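Order of writing sets the chain letters: A, B and C. Residues in each chain are counted from 1.
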Amino acid sequence: MTNEILRVENVSKAFAGVKALDQVSLTLQEGEILCLVGENGSGKSTMIKIISGVYHPDQGDIIINGHSYKQLTPIESMREGVQVIYQDFSLFPNLSVAENLVINEQLSSGRRLVNWKETYKTAERGLEEIHVSIPLDAMVSELSTADRQLIAVTKAILAEARIIIMDEPTTALTQKEIQSLFEVINNLKAKGISTIFVSHKLNEVTEIADRTVIFRNGRKVMDQDAKNLDIKTMEFYMTGHELDLDNSQLAQPDQQAAPLLEVEKLGLRGKFKDVSFQLRPGEVLGITGLLGSGRTELALALFGETPADSGTIRVEGREVTIRSIQDAMRNRIGYVPEDRILEGLFLQQTISDNIIVRIIDQMVNKIHLIRAGASKKVSDEWIGRLEVKTPSGELPAKSLSGGNQQRLVLAKWLASDPRILILNSPTVGVDVGSKASIHELIRNLASQGMGILLISDDIPELMQTCNRLILMRRGRTFGVFDREDITEEQLNQEMVADRVFSI
Amino acid sequence: MLKKIVKSSEFVTFTIIVLLSLIIGIINPAFFSLATVFDVLRASIVVSIMAFGLLLVIIAGGIDISFVAFAALASYGTHMFLLSRGYNGGIFLYYAIACVIGLGAGLLSGLIVTRFNLPIFDVSLAMMTMWYGFIRFFIGSTKNFKLPEGAVGYYSRFLVTVRDPFVGEAGLHFSILYVLIIGVLIHCLLKYTTLGRGIFAMGGNREVAIRSGFNIKGTLLVVFGILGVLSAFAGVTHSFLSRHFEPTLFMTQNLDVIAAVILGGASVTGGKGSVLGTFMGVILIQLINRAMVLTGITVEWQQLMIGLVLAFFISIPAIRDLINKRASRAVEVPEEI
Amino acid sequence: MNTTNLKPKVRFEMQTLLLAGILVFLLLFFGLNDQGFLAGRSISSMAIQLPEIGILSLAMMITVMIGGINLSINATANLAAVLSGLFILRFMPESQGPMVIVAMVGISLLIGVITGAINGFLVGYVGVPSILATLATMSIFTGIGVGLTKGQTVTGFPEVVGSVASLSPLGIPMPFLVFVGITVIAYILLGRTTFGFKTRMLGTNPVASKFSGINNKAVIMQIFIFSGVLSSIAGVLIMSRTMSASNAYGTATYVMLTILIGVLAGVVSGKGSVLNIFITVFILQVISTGSHMLLAGVRGSSFFKDFAWGVLLIIIFIINYFTHGRRKE
C-alpha cells in the first residue's frame, strides 16, 4: 500500500492574473482515500481539473504511474486511469443502465456495431465489482440519485480507473445512501483503487478519509493522516481563523412580543410530520438537518409550493391557509430559494427587472400601465442598499458574480417588504467575503423586526446568525436549541448522530 | 419483462389500434377483411418511409418540417428533368436521381445546422419555404400527369390480390416491401450501431454526449442525409402510386407525419422513439381515417375525430406525470425515529 | 467586462436596425428597378393583404415568447369566420345593418376566447407541450368547421360584411388601420403592463417566475386567449376581404409564414418585439409585391418570393451567427 500512484509537484495556475493554485504539491498512494477539503474558491476544483487534464498548469509537474507530464490532456489522463465523477454524473437518462455503463468503452474502441450480449455481460461484471445490484435494463431516468451515483462509479471502474475523483458526491444523497457509497469506496480501496473525495462536509470527511488535504486561497495549508484530525482543527485550517462568535452582533428578539409565525403540528405525508415552532419578530431561527431531513420540504410548505396537508399555521396570531405561493405572499412570507440560477433569477433579463418582479403589480398607475421610471428608482435603491456591484441596473443579471447574484435574489424579496423571510442555504457557492456580508445583512434585517427562517447545514453559519436552532431528522423536529446552549461540536454531533441510528 | 412491454408507449399505441379495430369491426363487420388490411397498408407506405427518416431527427432532439419539401424537390425535379430528356424507361432511374437530390438537400440543411449552430426547427422552416419557392419558380408550378412508359403500370403492381365481397378485387402493393426493408434497416441502425446509439445519446443529453466523445456534428449530418434520401424515395413512390407529379407535393402534410411519429411513442424533446412504434403511429392515423367511413361517421367529421384522438393521446403522459408527482410524495416518514 | 455585458440590449436594437436596413434596401432596390413600385396603387394593395398575416404573426409571437408555439392560429381564424358566417346566413341573411358587423365581430371574438382557453388549459393546466397541444387543437378547430360546412366554402354574405375590408377612412384601408391599432395595443400590453412583464419573465425562466410569485398557469392561459383573440380578428379581416369563409383558407402555409416572420424578427423565449414583427411583415410583403412586379410575365413569378424569403432567413441566421458570436447550443 505504499505505491505512489499520483504526484503533483509545485503546480501553479492563474486565471486572468488571479492565482487559483499557488505552488501546490500533492501525493496519492495506491488504494488510498484522500479527502480534498476547502471552501469555495480555495482551489480544489482547479486541482481536479488539472489532474483530469482539463486545465494545463502554468508551472509544475504531474506524475501519474511514474509518467511525468507538463501538460496533461484529458485523453492522457483517462488513459492513465483517472476518472472524474462530476455532480451531474454524465449519464444518459433515456438509455438503459447497461448501455450507460458500456457506452464510453463502445466509443473508445471505435467499433461501429453494438453487441448487446457483450454489453450486458460487461455491465453485469461492472456492477458485481462493487457488489451492488441494479436492474441492467432499467432506464437511468427511473433510478434514484444514489443509484445513478453508483452507476457513475461502476462506469469509472469499467473504464479501468486507478484513481476515481468524486466531486461533492454526497450532496443529493440521504444518510443511508451515503453509507452505501462509503462502503463502495472502501471496496475500491480493497481493490487498490484510489479515491479523491472532494467535500466540504467535514463530518463525512472524518468518517471516510485516510488522509486529508485542506486548501485555502489556492494554497495547501494542511496535509496529514486523518486519524489525528478533528472537525474543529479542519475548520481552523479551512477558514484560517478560529470561528469564535461575538454574541453582541446578535440582537436579541423581544421575548414578550407576539410571535410572527406559529406553526403547530405541521405535516406533509411522506415528507415531514408534527413540526411545531414559533418565530418572533427580530428573530433568526435556524432550521438544520441533513439532506432528506425534511428541512427544504418544510420551507416549501410554508411558502405554499408544496402545501402541508395537516397542522395549522398562524401569522401574527391569525390562522391562515397556505395552499399556494400567492397565499404565502399575501401573508408577506418571502422565500429565497436554494438554487439561485434555476429558481431565483432571470439571467437574460436586466438586474432592474429581477428586482421589481415581485412588486410589479404595485408599480402601475391608474390605468394599469407600469409607471415610467418607477422601476429604475426602486432598483437603484436596492442595488445601493445591498451593495450589488454593477455599473448599471440595465445590465442583464448574468453579468453579475455569484455573490452579487445571491444579493440580487435577496433584493428581489426584500423589495416586496416581507415580514417573514425564509432563506434556503443562502451562501452555498458564494465566496467568503460575500458570505460574511450576507450574514451581516441577515442580522440587520432581523434587527429591523423581520422574522427569518434560515435553512442551512453550514454549522458556522448557523452559529453566527441564528438566535435559536431547530434540528430536523427524518421529517421530525429532533430538538430546539438556544444558540447559547450549544456549541458547534455538539451541534455537529447531533447532526451526525443520526447516521449512527441509520446504520 | 412483460411489465416492461406493457409500460412502453408502443404498447399503448398497439392497444389503441386493437381496440379501435374491434369497435369498428363490431359496428361494421366488413372491416374485418384482407381488403381493409391492404388498403390501410397501402395508404401507410409513403407516410411510413418519411416518418422513419423524421424519427431519426426527432430522436436526436430536433423537429424538422422541411422533409416534405425534399420529397417534392426530388420527385418533381427528377420527373421534369427526365421528361425534358425524353426518358421512357423504368422507375429505377427515378429513384436513383431523386435519392441523390434528396441527399444533397438533406446535407445542405445538415451543414447549415451544424456549421452555424442553429436550431433544427428554424433552419427547416427556412429550407421548406425556400425549396417550395425554388421548385415552383425555377422548375415548374403545375401538376404533370405524363408518366414514362416504363412505369405506367407501376401503381397496380401487387404482391397478392384477393377477391373481396365488398370492394371487388383488392391487392397489396409491392412497395410495402420498401417499408419493410427500410424499417428493418433503420431499426438496425438505431439499435445495433454506435452511430444509432449516438443519435439516442444526443437526444437524451447533448452535453454529456459531447463530453463522452460522440461526434455530434457528423451524426447530425448522417441523420439529415438519411432524412433527405428517404423523403425523396417517398416522394417518387407517392407520385407513381398516384400517377402524377406535383410541385407542392406533401406541402401541408408535414405536421401529420410529425403527429404519426409522436403517436408512435417518440418524445418531442428527443431521446425516445422506435421504428415499430412509428409504423404503428402511421397505421393508427390511417385507421382513424377509415373508422369514420366504416362506422358511418361522415367524412366531414374525420378531422375533428383525429384531433380529439390526438388530444387524448398527448394528454396521457402529462396526466401520468401529474399522478406520479402526487404519488412520489407518499414515501413513508418512519413512524418512530 | 462591460462591453460583453452590454450585448443583449445592443443585440435587440441590432435586430431592429438590421431589419429596418433590409427594408430600406429592398424599397430602394425595387423602387429604382420598377417605376410603378412606389406608386400609390401597389402600396395600398399591400396595405390590404398584409394586416391579416401581420395580426396572425403577433398571435404566434406572444406564444413563442413564453417558450411555446401556437399552430392553431389559422384554424382559429377560419373557425371564427365559418361560425360567424353560418350565424349570419342563418339569422340575418338579408340584413345590411350594423348588427351584421356586430354579430360577425362578436361571435369571432367569442370563438377566439374559447379556442384560446382550450389551448391555455391543455398547455398551462394539463401540461402538454404546446407544439403537441396546438397540433391537436388545430385539427379539432378545423374539424369542427369542416364538419359543419361539409368542407364547403361558406359564401353569399350580405354586402355589409365586405365593408370592413373595403372601407378606407382618410384614404387608408380599414384592415391596415386595424393592424396598426392592434400593433399599438400589443406594444402597450407587452411593453407597459404587468401582463407583458410577467410574460417576459415566464419565458425567460418558468421556475424562477413561479418562485417569484407569478401565477404561471394564469399567464399561459391569458397568453393563449390573447393569441386566440388576435387570430379571430384576422379571421374577420379574411372573411370580409374574401366575402367567404373556408376551413381551407391559408392552412399550414399561413402558420409556417407566421413562424418564419417570428424567427426573422428575432422572437425567442422571453423576448419579442412588436416593432420587429411590424417591420418584418413589411419586408416579406415588399419582397412579394416587388418580385411579382419585376418578374411580371415570367412563369411562376409569384413563387419567387417564397424562395427569396427562405434565402433571406438563412442569411439573417448567418449574419446573427457572425455578429453575436457562437450561440449556445
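Keep in mind that, in the parts below, contacts are C-beta pairs under 8 Å (C-beta built on N, C-alpha and C of every residue); 3 or more make two chains touch, one makes a residue touch a chain.
Keep in mind that what you see is a predicted model, and the values were worked out from it rather than measured.
Undergrad: Which chain maximises the distance between its CA centroid and that of chain B?
TA: If we average the C-alpha coordinates per chain, A ends up farthest from chain B.
Undergrad: Have a look at A-C versus B-C and report the one with more C-beta pairs in contact.
TA: Greater number of contacting C-beta pairs: B-C.
Undergrad: Where the centres are mean C-alpha positions, what is the separation of chain A from chain C, in Å?
TA: 46
Undergrad: Using Cα averages as centroids, what's the distance between chain B and chain C in whole Å?
TA: 29
Undergrad: Quick check: in the complex, which residue numbers of chain A touch chain B?
TA: Of all residues in chain A, those touching chain B are 88, 90-95, 99, 103-104, 106-108, 111-114, 116, 137, 268-273, 294, 306, 473-476, 478, 501.
Undergrad: Within their complex, state which residues of chain C touch chain A.
TA: Touching chain A: residues 1-2, 4-6, 8-9, 188, 192-194, 197-198, 200-201, 204-205, 207-215, 270-271 of chain C.
Undergrad: Quick one: in the complex, what on chain B touches chain A?
TA: Within the complex, chain B contacts chain A at residues 4, 191-197, 200-201, 203-205, 208-209, 211-214, 271-272, 328-334, 337.
Undergrad: Which residues of chain B touch chain C once you look at their complex with the stated criterion?
TA: The touching residues are 63, 65, 112, 116-118, 122-123, 125-138, 140-141, 206, 251-252, 254-255, 258-259, 262, 268-269, 298-308, 310-311, 314-315, 318-319, 321-322.
Undergrad: Along chain C, where are the residues that touch chain B in the complex?
TA: Touch residues, chain C against chain B: 71, 122, 126-129, 131-133, 135-144, 146-151, 251-253, 256-257, 259-260, 263, 299-301, 303-311, 313-314, 317-318, 321, 326-327, 329.
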